[in-house]
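First chain A sits with chain B, and in the next complex the same chain sits with chain C.
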Partner chain A sequence: MALLSMALGIGIVAYLFWEGGPFIWNQGTQFLLGLDWFPGEDYGAAPMIFGSAAVTLMALIFSTPLALASAIYTAEFLDPRRRLTVKAIMEILAGVPGIVYGLLGVSLLSVWVRDVFNLLDGYTLFSASILLAIMILPTIMTLSEDAINSTPAEHRQAASGLGLTKLEILFSVALPHAAPGIAGAILLAIGRAMGETIAVMLVIGGLDRIPEPWFDVFSSGQSIASKLGREAAETLGSGEHWSALMALALILFFLVIFLTAFGNWLIKGFRK
Partner chain B sequence: MTRVQKEKIFSGALAFLTLCACSILAFILFAVFSRGFAALSWEFISSEARDFGAKGGILYQIFGTLLLMFASTTICLPIALGTALYQTEYLKSSFWKKAFKIFMASLNGMPTIVLGLAGYLFFGKFLGIGVSWLTGALILAAMIIPTAHAAILEAIETLPEHYQETGISLGLKPNQRIIAVVIPHSVYGIITGTLLGLARAGGETAAIMFTATAFSGVTLPKSITEPVATLQTHILVLAQEATNPIALANAWGSASVLLGIVFFLILGAKSIRNRLTWELER
Partner chain C sequence: MVHKFNSYKNAIYGAVLFFFLITSIIATANENNLRIAGSTTVLPIVSRAAEKFKIKHPNISISVNAGGSGVGFSSMADRRIDIGMMSRKISENERKKYKGQEFIIYTLGRDGVACAISSEIFSDGITALSKEQIRDIYSGKIKNWKTLGGPDKKIVVVDKERHRGTRHAFMKYIFGNPTARARGARLVSGSNNEEQSKIAQSNSAIGMLSQAWINKNVASVALVHEGMQIKPSIQNIKSGAYPISRDLDIVTQKNISIVARQFIEFLLGPEVRPLIEKSGYVPIR
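Moving on, here comes the complex of A and B:
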């Protein structure tokens, strides 16, 4: 059984390499830096890579302050019973299916974004990043809370013996101790945000270009995952278009695996 | 400003932000259920979809979601349990233990759309099952292995040391120990893992949307190689017709049912896990 599960994973990776590897190898920079994606002619991945990066970065900016604030409050200021309640809420929030976020995004959020910012339509990079921010909030919050909460009791006692207030203990003892764990949590959240398909696909707009100017987040875009979700069904299984999509999947896979592995390493490393 | 005042202001601000974070869940629940209840009725749940989901109910969608959930969990459970047992009871080398941990973490972090694509190619094309609920169940099984595995592993690893030692002192071989000691005492972990796996499989859309489902004209599958309709893909299609109010109402209704199923499973898993920790502390 153990071998079976191992073989499954390795098989999938090998397959991605087999399909996507040669394409990246042959097209090289033309694929990675190309700006146009017309199936049959050009395959340029830059807009998708840009979209993924922009959406993820914005989601982090929205999500991290809120997640860290609640992690700190839950770990440092709440009594154990309330703490478990907050963590349970976060766990349930993490379980909300992506498609439900997608539906909320399509019928509420994108309308709000359109009206508030006076746009032609609400399917923008900005809307996608707000949805993602909510989706990665529980990941960052739960894991950073674990990190802060695991500060050894002796360190806290020593600090309060010096007459420090809870706030001072937080900044001088607990946060420095938890820093690697928090960094790990954020990396895992980035990985999750990059791989999220369905909710992003519904609100990002699906336009394969880098906005003009590039920082205009209120225009439509495309992320790697949403590109895969939109086009994979058209060309399931073979042809150049498929190879190009698999090459995208391979890029996504490497980004996510690298982030997850590094994040887990930070979290594990600090637990010891 | 004194230090104590500073702390009061700071903790007040944090409390407010925490409340904001928690109220997101309340907002989501309210937004979905308040709109969903308008569409929900016995007729909606018990009749089939008509006019591409704009009219009628979601009977077969519910069936498809449940079928995929249970099939994938049935496939996943022996693999996850076997991996966890092998890892804790037989495996000695710390290199391989580490390798398994890294592997499970990577599988857990793998984007589900990539898993869906690769899984379709392997199960659907290479093994020739095609777009069918079996392909979907196999892909979902691969996706939820880490979830179930983590819950089972936690239960086995928190097993009190002396249980194992008693088993060893009675001269039990590893396989006898697994049957007599490990499995009976980690059964809560196995149940929690199963429920969380079910919940995750039920909430997944990207991995199954072009590998296991068809949108219209699907009733009960007659064989293992036919696609099914699911709640997730039903919502997906209806959400893209956001201008049609009846279709949207049906989408909210389907979302309420889906959310209800998933929350029921997560809460079940949580209450069982709480009971487990309570028993351990006793």
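Moving on, here comes the complex of A and C:
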């Protein structure tokens, strides 16, 4: 079974390289830095790369503090019965399909964002990142909670024997022990956020442009996954447009790999 | 789920998944299955017709999906579906991509593409626009409705995915180029349904929509054409007076299955005429 999974994984990567690699090789920086995406003429990936990075980063900023706070509370201060209830609910939420969030985003979130921030319309990078934050929060919360809860009892007892208060135990024993697990949870969440297609596609606005000014998150934008979602079906299989889309997919793949490697490096540094 | 499975469960799930994959591939290749996809403008006609057809032929199953004219064409050309629905003609690039292949086009009806605006803007006085005004809005030169004599609100310019038939017809009239860029666009939507809901949600939006999707939240402007104001009404589309009209087509390969042939004959027949009118379009015969 493991061999099959590995073969499948390698196969997918090889396919991406085969289909998209030549395009990046030929176009080079024009593709990566180009600001215009117009099939038949220009293929500039910069707005999509910016969009993916921006919504993922904002989603993490919005969700991580809340998720960690809930994880700490659930692990340390809830009795076992309530803890299991919370965990069960979180794991159900973690499994809700993206399309459900997407539909809720279109009918509720985008209207809310438009009204609260007095915008022209609620289809913005900001809306997409709020939606993603809601989607990844259960994942970060439940995995971090697992990590915190798995601190060996002897370590806690040793610390309490030394006279540390509950809060001090939390910060000097439990959290350091849970750090790799928490980092893993965040990396998993990044993976999901970067790859989420339909929910983002429905609320992000769909405009292939970097906002002016670049930090105007209340403008419409585009992520890599959302772009693939909108255009892949019309040009499946062959042609310049298809190669460009596969090149985008390759970039997404590399982005996730890079972030994962970076996260692993952080964890190793933490362990020392 | 985030928990790890043990290897036995994994193997069983793998086997079950494989089984379903194989059987579903076999099922879709079945002779009594008809797969149709494409334009969301043509979809209501074909969908209603399929329901009626199934009553007489209960052993034939027909799946009708959206996706847009471009998707309908490429899926049919790649033989992934039997019939493609298109609300525009096959483009030069598309023909070039499938050089050597012959396609057959059947026209079911005529439709008009309305320049749609939020109903609030319509009731505030903007009831007609000229080609030049619409062009200036979509190229970003006009940004506020007050420039056109309307309320002081910024225009939410809603564009569509490039391969959509509705966009081709609209852009051909406004810019003279079916795949023109709209630099003043603020949002991009896909199907007629998505565009309709984006225009309805806003109170200052403009977009391109098949006239059959006009409702109480989405109004259509009359086009100022050669000095006259022409509304996208059924009469004006029938007479050809409305300048943005297009055929509603279905396209197939040269060789198709017997079931596909039967359904197409049905689609072109008298029983589907009232369905075309019910969907809000003009039947071709």
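Criterion: the second predicted complex is superposed on the first by the 248 of 272 C-alpha atoms of A that agree within 3 Å, B and C clash if a C-alpha of one lies under 4 Å from a C-alpha of the other, contacts with A are read in each partner's own complex, and residues count from 1 in each chain.
The criterion applied here is as follows: a residue touches a chain if its C-beta (ideal position, glycine included) is under 8 Å from a C-beta of that chain, and two chains touch if they have at least 3 such contacts.
Please read all numbers here as calculations on a predicted model, not as lab measurements.
Novice: Based on the superposed arrangement around chain A, label chain B with chain C as either clash or fit.
Specialist: Result for chain B and chain C: clash.
Novice: Taking the superposition as given, does A:4 touch the first partner, chain B, the second, chain C, both, or neither?
Specialist: both
Novice: According to the stated criteria, A:39 is in contact with first (chain B), second (chain C), both, or neither; which is it?
Specialist: second
Novice: Who contacts more of chain A, chain B or chain C?
Specialist: B
Novice: Now for A:205: first (chain B), second (chain C), both, or neither, which partner does it touch?
Specialist: The second partner, chain C, only.
Novice: With both complexes superposed on chain A, which partner does A:230 reach: first (chain B), second (chain C), both or neither?
Specialist: second
Novice: Between chain B and chain C, whom does A:216 touch in the aligned arrangement: first, second, both, or neither?
Specialist: Neither partner.
Novice: Touch test for A:88: chain B only (first), chain C only (second), both, or neither?
Specialist: first
Novice: Is A:106 touching anything from chain B or chain C once the two structures are fitted on A? First, second, both or neither.
Specialist: Both chain B and chain C are touched by A:106.
Novice: Is A:115 touching anything from chain B or chain C once the two structures are fitted on A? First, second, both or neither.
Specialist: Touch status of A:115: no partner.
Novice: Considering only the stretches 63-71, 81-89 or 261-269 of chain C, report the one that runs into chain B.
Specialist: After superposing on chain A, the stretch of chain C hitting chain B is 63-71.
Novice: Taking the stated contact definition, name every residue in chain A that is touched by chain B in one complex and by chain C in the other, in rising order.
Specialist: 1, 4, 91, 95, 106, 188, 233, 236-237
Novice: Considering the complex alone, what residue numbers of chain B touch chain A?
Specialist: Listed in rising order, the residues of chain B that touch chain A are 3-4, 6-7, 10-11, 13-15, 17-18, 20-22, 24-25, 28, 31-32, 78-83, 86-87, 91, 100, 102-103, 105-115, 117-122, 125, 142, 145, 149, 199-200, 202-206, 209-210, 232, 235-236, 239-240, 242, 248, 251-252, 255, 258-259, 262-263, 266-267, 270.
Novice: Contact residues on chain C for chain A in the complex?
Specialist: 1-2, 7, 10-11, 14, 67-68, 70-71, 74-75, 78, 93, 97, 154, 156, 159, 161-163, 179, 181, 185-190, 197-198, 201-202, 204-205
Novice: If we count contacts the way the header does, which residues on chain A are in touch with chain C in the complex?
Specialist: 1, 4, 38-40, 91, 94-95, 106, 110-111, 120-123, 139, 142-143, 188, 205-208, 220, 230-231, 233-239
Novice: Can you name the residues of chain A that touch chain B in the complex?
Specialist: 1-2, 4-6, 8-9, 11-12, 15-16, 19, 65-67, 69-70, 72-74, 77, 86, 88-93, 95-100, 102-104, 106-108, 134, 137, 141, 165-168, 188, 191-192, 194-198, 202, 225, 228-229, 232-233, 236-237, 245-246, 249, 252-253, 256-257, 259-261, 264
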